[in-house]
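First the structure, then my questions, so here it is.
Lettered A, B, C, D, E, F and G in written order, each chain numbered from 1.
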């Protein structure tokens, strides 16, 4: 009987102690980041979708449409087309389109890029009303960024007539 | 590191030439055993007696035949055992779910993924795939219909 | 005729007052619940709808009016439709006898407190109707649990109320308030007060006694199948019941509208909302009891304790 | 105030001349006053029903409809139900209801007794009440001992 | 996807507008998570992000009482009938947010030879807002809910902050 | 099997899930109820099946990496690590020590976040809402830390064959240390609020007892096993990575009931904190990536079984290579699969409320079971 | 507002309607659960009748015990008896007739009783039956009855518990 009463009292006390904890938290300041009004600083390595790095020298991107990223991508997110720029031997991307709705944000594309042309954006405000909203034109995005920075806008190279074989690669199963 | 006790009991069932010691650092297992599926209930019983648990049960589709792969390990000592049991396509293997109740689900999974039937299994029906699914996706010749 | 007019006007005014109180109380309580829970959990709660979410519950209520009412095909439709109404029937009646202030009282019935208890049992029937008629297993389990729980806690609730009544010698709520002119009953009856709060929490199906609607077990308990406004009426009744239980506790133990400086009505509401805050505080602190433990707690601990308290009170009255 | 309106109202003042009844029992019996009191209850009940019904009717008119083959089926976590919900429940609930009934009746008898308590003899009332509560408490003691409050699935009921 | 919602019996423009405003500010989601994204959905409801600020924090376990289905995760073929049923059982008006790439299009699990998943929630139920990411950040989900509010009321919501 | 029986008996069938707050995902449990009690139960899984194993056969080794973060998304880094270890064993890549340390630190942080989420969600099952938000508050700090170096909040795809792609910086180390002291200061609150709470103890004590024999026969591993008193932790018994360098204990339960499993997990978080502390102290300098990891990995023919201790138990990868760029067969031995298969035994003759308590205590991640 | 159609009479009629309507549902309903609810309604009406007899206390008791407790007990008894989804047996005319006869007999006897009783109008009745007085009498004149009530209840409960426990055991064995 004494044990029973003792247990009851201890139990009752434990409840009061619990109430003490919650009331202490009740008067603590809130931890919420009230999102649209205030925003979290994104971690420097946050992986959003990929975008082009703006080369400080040229004010443009570095992509030479080698399609390594498209081949490495596990989910066929990336489609790149490039043309040889007149005069040089280098290819240059004409279109660089992500189907973001397939992406798993693994970052393999950024790692394999031989020219280090890609980086992750910190964009997360991508909610849209249709599936098509998830298709991201990276070059258009670059142009917008350039506009914002006051840089000359990227002009996709015009393919030379004889070399206009715009091959579109829907990156294969890893095997090309 | 190999446990000395499991070897004799397995040798008694399988025969000495069926056991090979493996390089643990390279394969993650200590002993490899070859068995025919019919020996598996006996092997499982012997392993349970040694207080080994069934870590995994799966199959391999070797295109012309199949192979059941059992992994056993122990809570009490570092010893991992892998048992390979080759099986012809279309043949049935005996169940070990009466020895290890945990094998019940593993066998059901192998059944639906590879189409291997387990004789004596109490409840052999699809586990993960929808109940009416009649394909075996982990077979090499499987092509998704949609 | 004059008499009829006078009484009619009185009824009309009191009805408007009560309905207004019920609505505003529910709107306020839900907002308060969300704010209290939020601040306990280190978050702000409703913020964006009105100033600090002040209009949040109004939005919720209007939204619920604009929601479709689905009646399951296999349900017992008549009872299914009646249940929310029966649930709400007794809610207004209790306000007839609650003395908000010396003057603000609709009707001072001489069975006052008994009326509240009697009509609150109708809610049990409504819960059973709702749970049974839905033809949903979760609803049925929830309803049965709810009823078993309510009947287990009704008894100690009545008995603890008795230990006050034996001191006062009247069932009228005004008499009970009048009795506490100098000292509140809670000082004489601390145990009864604690028991009353526990049982009141259980009677209103609030956590940690919210087993009938235990989300993690029974989805939404007896009102699993109820959508839109029907569900809202259950909610409304629940929050109004909270108010009633707290008001009764205030009258029985905390001296009703008595208090210095502030007007009586303010004191009354302050005490009521303090008790409601306590209930909310419980809800956001404790895990839920298991059903059998709840029943056991009611029958094995609360009823004996309340009976003992009653006898002790009687003894004390005899001695002093 | 009551007879102003012409409604019949009888008021009887009477003092008991019984030796056992002290003078405090002088009361008023107001029959129609009681009816007025409970007229309030009746009207509040009706208005309560209407108050609950109103929004439901409103909702019926302003809410859109949804269509879907399984819309009005019983909700059970997204799976079609199997069997009816109207099943047998355990006997234990019935027992609880009975015990509750017993206590309710008891409580109801206690209410008048407690109201009268404190006026009569010093100890007789007290002992009577203690006896009464004691006897009724035996129900709980017995139920406790018989394991009514133990919740174990009986192996034989399988 | 014609099994959307029908018109109410009384249709008044002003009333609809008021109701829509209320609906937008009181979107009760269903407690319904399918996979990884459900965790971020929980995180969005938790203290750091607090969906309740927008009135969308009342997670209702029963489909009958919820307005919003957040399809958070991969819909497997086995699960698809249940999702459809749950959607059907929600009372109108109801909305769907496809949260995460799997719910939008099958995401990383969509490839040649995939047999187990439904590539996109919009193939079985009408989706109102798509929130991409794998998983989306809680801010992304909040963004989706704000977008949905905008869709319901046709009014910009907290635009100046976004 | 159960459903095929008739319904003329006294029992009735109740679906718990796939959309049910207590199943934490898309698990469905069919319960045969006898009043409030469960007469029989049958879990039905597969509602989250995403064909991970089939995908492995269609993807290259690198391309399969992101999948590992999505099998068990709560302890993604351990899965990631196991897969990397399996491939590294197969190809013989040596991982530099600093990379191993970083792996251990991040993986243990991830373990804590997983346990914290479990803790919160479990209390949610038991009806206490508030601890859930406190845990998520703590968890957000871990996510911030991991986000800092891995770049994602949940489905990490961080480790690479041969090491880690990103080095930790001073800020991460300082943040981790701050987090350790922060979490330690919270234990007291959690204890008072939950562990010592009489309602909680009554809900969990002697409920859902799992005997060591049951655990053995069903292959239960992880904290569920240790709650039953068997000191089996792969980090100790089969040391991988650099775990042998650290001093930590294996918390054990005695009775194998729900409370024991709870306590084991709570103590494990403290042990993980200890590991992280030691790892931060001993963090060696050096490269974080093995040299000469080929861009296109073609492991030699062979098979390998690798196991790691995740927050839920033994996760093993059985990898068969035929010398191709794609795995020939990759079997995921997931802990929750075995941990769930013991459930019908634990559910025998308990009440629904207890069933929820037991189901929660097993700490299941449904896509992990379904793969 | 005079003559027969006074408010008092109108409300009396309402109460009668509720009582009889409830009783009718209780008897005629095909669904046993509807019957119980009809019974509850009827009992509720009876509580109104008590008010007419100037006994609010009894009316409250009626609601508390009959509507609150007895109906619940009956509901549980129904749920206990047999699964409600089973089809109901059809009504047999013979059974109906017998039931009607029995009810008629009871009604006849009660009405005879009513006729024989010498009714006194409440205002003239004189004796005060307020709650306190009832209590006073229970403590003094009817003390034995008061104690007996609890004893009877105790015995009834013991019987119920014994029956329920034994019934379960024997049914299974």
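To be clear about the criterion, a contact is a pair of C-beta atoms (placed from the backbone, for glycine too) under 8 Å apart; a residue touches a chain by one contact, two chains touch by 3 or more.
Note that this is a predicted model, so its numbers are computed, not measured.
The minimum number of touch steps linking chain A to chain B comes to 2.
With centres defined by CA atoms alone, the chain at the far end from chain B is G.
Note on chain placement: the centre of chain D and the centre of chain E lie 44 Å apart, centres being C-alpha means. Between chain B and chain F the centroid-to-centroid distance comes to 24 Å (mean Cα coordinates, whole Å). Remark: chain D and chain G have CA centroids separated by 14 Å (rounded to whole angstrom). A straight line joining the Cα centres of chain B and chain G is 70 Å long. Across the assembly, chain A contributes residues 15, 18, 21-22, 25, 30-32, 34, 74, 104-105, 173 that each touch 2 or more other chains. Within chain C, the positions touching two or more other chains are listed as 1, 4, 38, 40-44, 47, 65-70, 109, 114-115, 132, 137-138, 144, 147, 151, 154, 169, 171, 215, 219, 224-225, 228, 284-286, 291-292. Multi-chain contact residues of chain D (touching two or more other chains): 7, 37, 39, 60, 62-66, 71, 73, 75-79, 81, 83-90, 92-93, 96-97, 99-100, 104, 111, 114-115, 117, 125, 133, 143, 151, 157. Pairwise chain contacts in this structure: A-C, A-E, A-F, B-E, B-F, C-D, C-E, C-F, C-G, D-E, D-F, D-G, E-F. By the touch criterion stated above, chain E contacts chain C in their complex at residues 8, 18-19, 21-23, 25-26, 31, 46-47, 50, 52-55, 57-58, 60-62, 64-65, 67, 89, 91-93, 158.
Residues 6-8, 11, 14, 48, 51-52, 54, 56-57, 59, 61, 64-65, 68-70, 72-73, 75-77, 79-85, 122-124, 126, 128, 130-136, 138-141, 143, 146-147, 149-151, 153-154, 156-158, 160-162, 164-165, 167-169, 172-173 of chain G are the ones touching chain D in the complex. Of all residues in chain B, those touching chain F in their complex are 25-29, 48, 51, 53-56, 58, 60-61, 69, 71, 73, 75-78, 80, 82, 100-102, 104-105, 113, 122-123, 125-130, 137-138, 140, 142. Within the complex formed with chain G, the residues of chain C that make contact are 1, 4, 76, 78-79, 109-111, 114-115, 117-119, 121-122, 124-125, 128-129, 132-133, 144, 147, 151, 154, 169, 171. Within the complex formed with chain E, the chain C residues making contact are 34, 38, 41-49, 53, 55-56, 58-63, 65-70, 215, 219-220, 224-228, 231.
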